[in-house]
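For reference, the structures are reproduced in the following blocks.
Both of the next two complexes hold chain A, though its partner changes from chain B to chain C.
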Partner chain A sequence: MTTTRRRWRIPGGRVRLGWLGLAPFAAYLAVFFVLPSVLVLFSAFRRVDPDTGVHSFTLQNWSDSLHGAYLKGLENSIQLAAVTAVISAVLGLVLAYAISTSRRPFFKQLVSTSSAVLANFGGLPLAFLFVAVLGSAGVLTSTVQSLFGLSLQDDLHFSLFSIRGVELVYLYFLIPLMVLVITPALEGIRPQWREAAENLGATGWQYWRWVAAPVLLPNVLGSTVLLFCGSLSAFATASALTNGTLAIVPLQIDTAVSGNVLVGQENLAAALALNMIVIVVPLTLIYQLLQKRTTTWLR
Partner chain B sequence: MVAVTSVAAGSANPPEVVTSRASRRRLRPWRGLILAVAALYFVGPVLAAFWFSIHNSHTGIDFHAYTGFFSAQGFGTAFRMSLLLGLATVLITLILMVPTMLLVHLRYPRARAWVETFSLLPLVIPPVALVVGVRDIISFTGEDRFLGTPVATVMNFLQGNQPWLLSLLYVVMALPFTYRALDAGLRGSSVTTLVEAARNLGASWPVVVWRVVLPTLRTSVLNAGLLAFALVLGEYTMAKILNFSPFPVWLARFGDTDGQLQVGLSLLSLALTWVLLLTIAGVAGRAPGTARFPFRRRTS
Partner chain C sequence: MTAEPAVATIEGTRVEYLDVTRVFGATRALDGFTLQIEPGELLALLGPSGCGKTTALRLLAGFDQLSSGQLLIDGRDVSRQPVNKRDMGMVFQSYSLFPTMSARDNVGFGLRLRGASTSDRRRRAGELLELVGLSAHTEKYPHQMSGGQQQRVALARALAIQPRVLLLDEPLSALDAKVRTQLRDEIRRIQLELGVTTVFVTHDQEEALSMADRVGVMRAGQLEQCDAPSVLYQRPATPFVAEFVGTMNHLPGVVRDGSTVQVGDQSVPADGQVPLSGTAVSVLARPEAVLVEASVEGDAVVQVATFFGAVTRLRMLRSDGVELLADVSSHRAGELAPGTRVAVSLVDRPVLVRTPSS
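Showing the complex of A and B:
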């Protein structure tokens, strides 16, 4: 080791050049992550005068992004994310518990891999999967039509391309995500705790109410926050499903930048993106905090 | 985007949930019901979609969705683009991250917290927001004042027929996955000892990396590579908003012409990702010192 150390030093100097080995990593992230992020913040507050071409600072984009159709989009987004996060947190927790009590490693492996596929890499294919099932010519749609003479659209008031439909599809990747993130916590519960509680005369309900729930609660809340963020920032599924017409923030960003390039639309998109970041960043911090609380008990 | 999973939790498996015999008996019917409903919800749409892709009320059953896609217009170009982007992403990731993490692991443990934080940060900014900043960079470097300068040449190259720019961005998007895969490998191996031994025997650094580090870490390097590759094959958001047409974007656009083909290819791409991830799980299961179930978020 000593021979190596010497090679990293300037002869006679005390400066170690080994730190420079971290420079490529730092530079790469600076250019391809920090710079774009900062530019979003910057251009959210910029405007170009359409006549003179002069750039200046303004709060107009930000104010626009919180009014009219964009305010509605933000409300829709938050509502969509909240509804899907809560439903998938509850269902995912129940499912994860049912799976974690299994004793077959192969089954668990299968569930964990399949959940990872759906939760992380599903996005776009899932949209088409559901079009095939519940779209206007979908398998279930035509089955219901021929069996019961009911139209999903007209009689049951369900459309895959509305916000309800998008919620349904989001559950398909959010529930597996919940299973993925909550399983380690469930497996961290010691059987000894249950035995101790039962020896002290606790009923099943009492064990869950006073022992398991308090230990799991921070993790469940944290996971719900994580699902909320995942649902809020999802783009591919909603974009492919509704062809970009649903009024939610990610799709509005896409429309703003890739439609006919009107002056100032890029800045408006930056303001919309900034709104998302402003919501997601604090929530992620909360998630981290809740995770830390949990790890005190579950390791 | 927040959906990260950790590859190989590193430490030993936590104890499984074992319930007492009485409660196990009480639990059983409920468990069966829950698993059955879940299976119906998750497998049902896949089967229905498969039926949709092979059945047509006019022509009956045919498998053109699974046999005809090679000749579908634009498929070759788009898929080739995705494959090349995937390979480039994997290559850049490994060239960037293996030396960095090795250096942190061997020499600068104090820098580890920083590298970890920055590697996981891309989870925080949604891709759909980050890409707006990327568009700013593109439009800024496209201004007249850069005409004829190296900046314009580089940017043109990155946005040419093969949009390498996407690879550069995908490296960042995949970083949380690849960092965890490599980190788990480094923690679970005796790479420090091996590197010192090799250095004492007079091996140069390139030889150490090529003949000692990479073989030792082959499992986690493979994991990192496969995860990055899987991510690129399915990535839609950035490619769409930056107006490039790799496979996922082509799949979304082509849908208007042939719905069955679109659904068939969707199923195939899900299956491909599934096989890639099963490979990771299989490899991780056999390697010593790694967890059996690698797709977990690390809680500690």
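Showing the complex of A and C:
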């Protein structure tokens, strides 16, 4: 009798507890992701008649969001995200590899700590820092001017306040972010794999080609996707740097929401946001899949 | 009926370490290490942690360079030869399989590097996996296999390249006891079948004694003794070997003349080098060479009896404070229960003696 009752109780208890543990996260997800997404979805396809205040369904916002200046903004955003993600993935990987093979614990500690700090450094302070160095009157700008007689703006066609400038600033926190996310994967590469490969006759290149690269590839791709999403939706730094004038989607959304110029602009903002969601959600799923691969291998 | 062997036998190779030294900073991991390994033999390197077993193996594989001395394979000095040209098949302690490859691809890796065709590779990998008893798991990935299965794949992978020497560095130490003995027997079977010269590093003496043709006992970077297991056990060349291999009793005794020692009231023949008459010595005796009789006049008392199946090991304390171990047939364990007063003597066979300082 007693045993039967116990048997029934324990699994029941476990199941309830399991759900309980997930509950806060589920609530969080519902309030901060599902709900906004649904609101965005509804808002994007709605029109409010300025005279009567009547709501109706429309494809106009969405169509607008993919034309003219907004289409250009989307292209800029994707290009910005792609360029910065790929560059920081490559440079971050190289840097992380250098650290993981380094025999100096101090160097390792230094890079991992500063990566953690820099990866979270953004917004106004970062913009200010770059202006101080590379702005029209920045330290480096004037140094280059006085040493080589070159103007960054006129001779080198570089402006901190253009999309190139924003790309450069983004690298400042994306490279450390790459170092942070890829280091565990690099540390998961076991020295025995290299020795086993060499022992079986592999050259260094063959080891990389057939053993290390396949292990790392999903993780590198996944991390690049993560950087892409981070770069695509980054807002504060670009806003501070260009005074909100750069034609990229996050700034366009900001303008549309806060502008208060025209009625119906918030519906356009929703359509712009919807485009972002449509890009980011599938990429997140891809990231998850790639991540799952790696964790199985590096167990 | 003789079946065609599934995998071609491997030409045995001779390995010679000549006065090899390897220094790491202040540590002499190998210190004048000399050892000959005969073609086709399985040699176990046995010794306490840090005595240089792994170093000896890694030098042979080419992962590491000698500080001085010579390393010959079939008479040729290989110290300049890089790892990937040595054709040594190494099996690591654990976690060495390539995680993104199936068992079959792991085994075929060395063949791929040697330019074997895909079909050739698949066939030979299949044969080797069959040899190690894994035909049913060829498409599995390392994370889908147990530790024992992974080590079998690692063995097959090392054998696939037809290595000149098979090197195993504690390949069983991460496995549980049952799998360990099973795999140990299998490694020996395969090694005999293929005839490949094999060096097996372990700190488990039972493993070494049960598998190897010869066991090299190492201590502090040097080879203390290298002999067949039975010789090592019965005629240890140094006190260290006597201590390290099997269990030894140390009984106080005195040399009577050139060939006998007095142990208590018993006089037994002495073996090997015997010091001058009258010297106080330690007499070395295995637990199975100690005779025990229940006797009210005996001067020892049984303290602990440990059952080992066919034999039971008794720990006894003599009235003079000397502790003794004896193995007796388990059917006598009843009459020799803890607390029993017993008379102890030695089997009338030559014993090794040591002056206490040696």
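Everything that follows uses one rule, which is that the second predicted complex is superposed on the first by the 254 of 299 C-alpha atoms of A that agree within 3 Å, B and C clash if a C-alpha of one lies under 4 Å from a C-alpha of the other, contacts with A are read in each partner's own complex, and residues count from 1 in each chain.
In the analysis below, a residue touches a chain if its C-beta (ideal position, glycine included) is under 8 Å from a C-beta of that chain, and two chains touch if they have at least 3 such contacts.
For clarity, every value in this text was computed on a predicted model and none was experimentally measured.
With chain A as the common reference for superposition, the partners chain B and chain C occupy compatible, non-clashing space.
In the superposition on chain A, contact is made by A:A116 with chain B only, not with chain C.
In the superposed pair of complexes, A:V215 makes contact with chain C only, with no contact to chain B. Contacts of A:V278 after superposition on the shared chain: neither chain B nor chain C is touched. Of the two partner chains placed around the shared chain by superposition, chain C is the only one that A:N199 touches, whereas chain B remains out of contact.
In the superposition on chain A, A:Q291 makes contact with chain B only, not with chain C. By the touch criterion defined above, A:R190 lies against chain B and chain C together after alignment on the C-alpha atoms of chain A. For chain A, the partner touching the most residues, choosing from chain B and chain C, is B. Looking at the shared chain after the overlay, A:L66 reaches neither chain B nor chain C.
By the touch criterion defined above, A:L150 reaches neither chain B nor chain C. Closest CA pair between chain B and chain C after superposition: 7 Å apart.
On chain A, the surface patch touched by chain B in one complex and by chain C in the other comprises residues 190, 195, 198, 298-299. Residue ranges on chain A touching chain C, taken from their complex, read 190, 192-193, 195-203, 206, 210-211, 214-215, 296-299. Residues 61-63, 83-90, 92, 95-100, 109-110, 112-114, 143, 154, 157-158, 161 of chain C are the ones that touch chain A when the two sit in their complex. Interface residues of chain A, counted against chain B in their complex, comprise 1, 3-4, 18-19, 21-22, 24-26, 28-29, 32-33, 35-40, 42-43, 94-95, 97-101, 103, 105, 108-109, 112-126, 128-133, 137-140, 172-173, 176-177, 180-181, 183-191, 194-195, 198, 204, 219, 226, 229-230, 232-236, 239-240, 250, 253-254, 257-258, 266, 269-270, 272-274, 276-277, 280-281, 284, 291, 294-295, 298-299.
Residue ranges of chain B in contact with chain A, taken from their complex: 1-5, 9, 13-20, 23-24, 26-27, 30-31, 34-35, 38, 41-42, 44-46, 48-49, 51-53, 96-97, 99-100, 103-104, 107-108, 111, 115, 118, 121-137, 139, 168-169, 171-172, 196, 199, 230-231, 233-234, 236-237, 240-241, 243, 248, 251-252, 255, 259, 262-263, 266-267, 269-270, 273-274, 277-278, 281, 285, 292-300.
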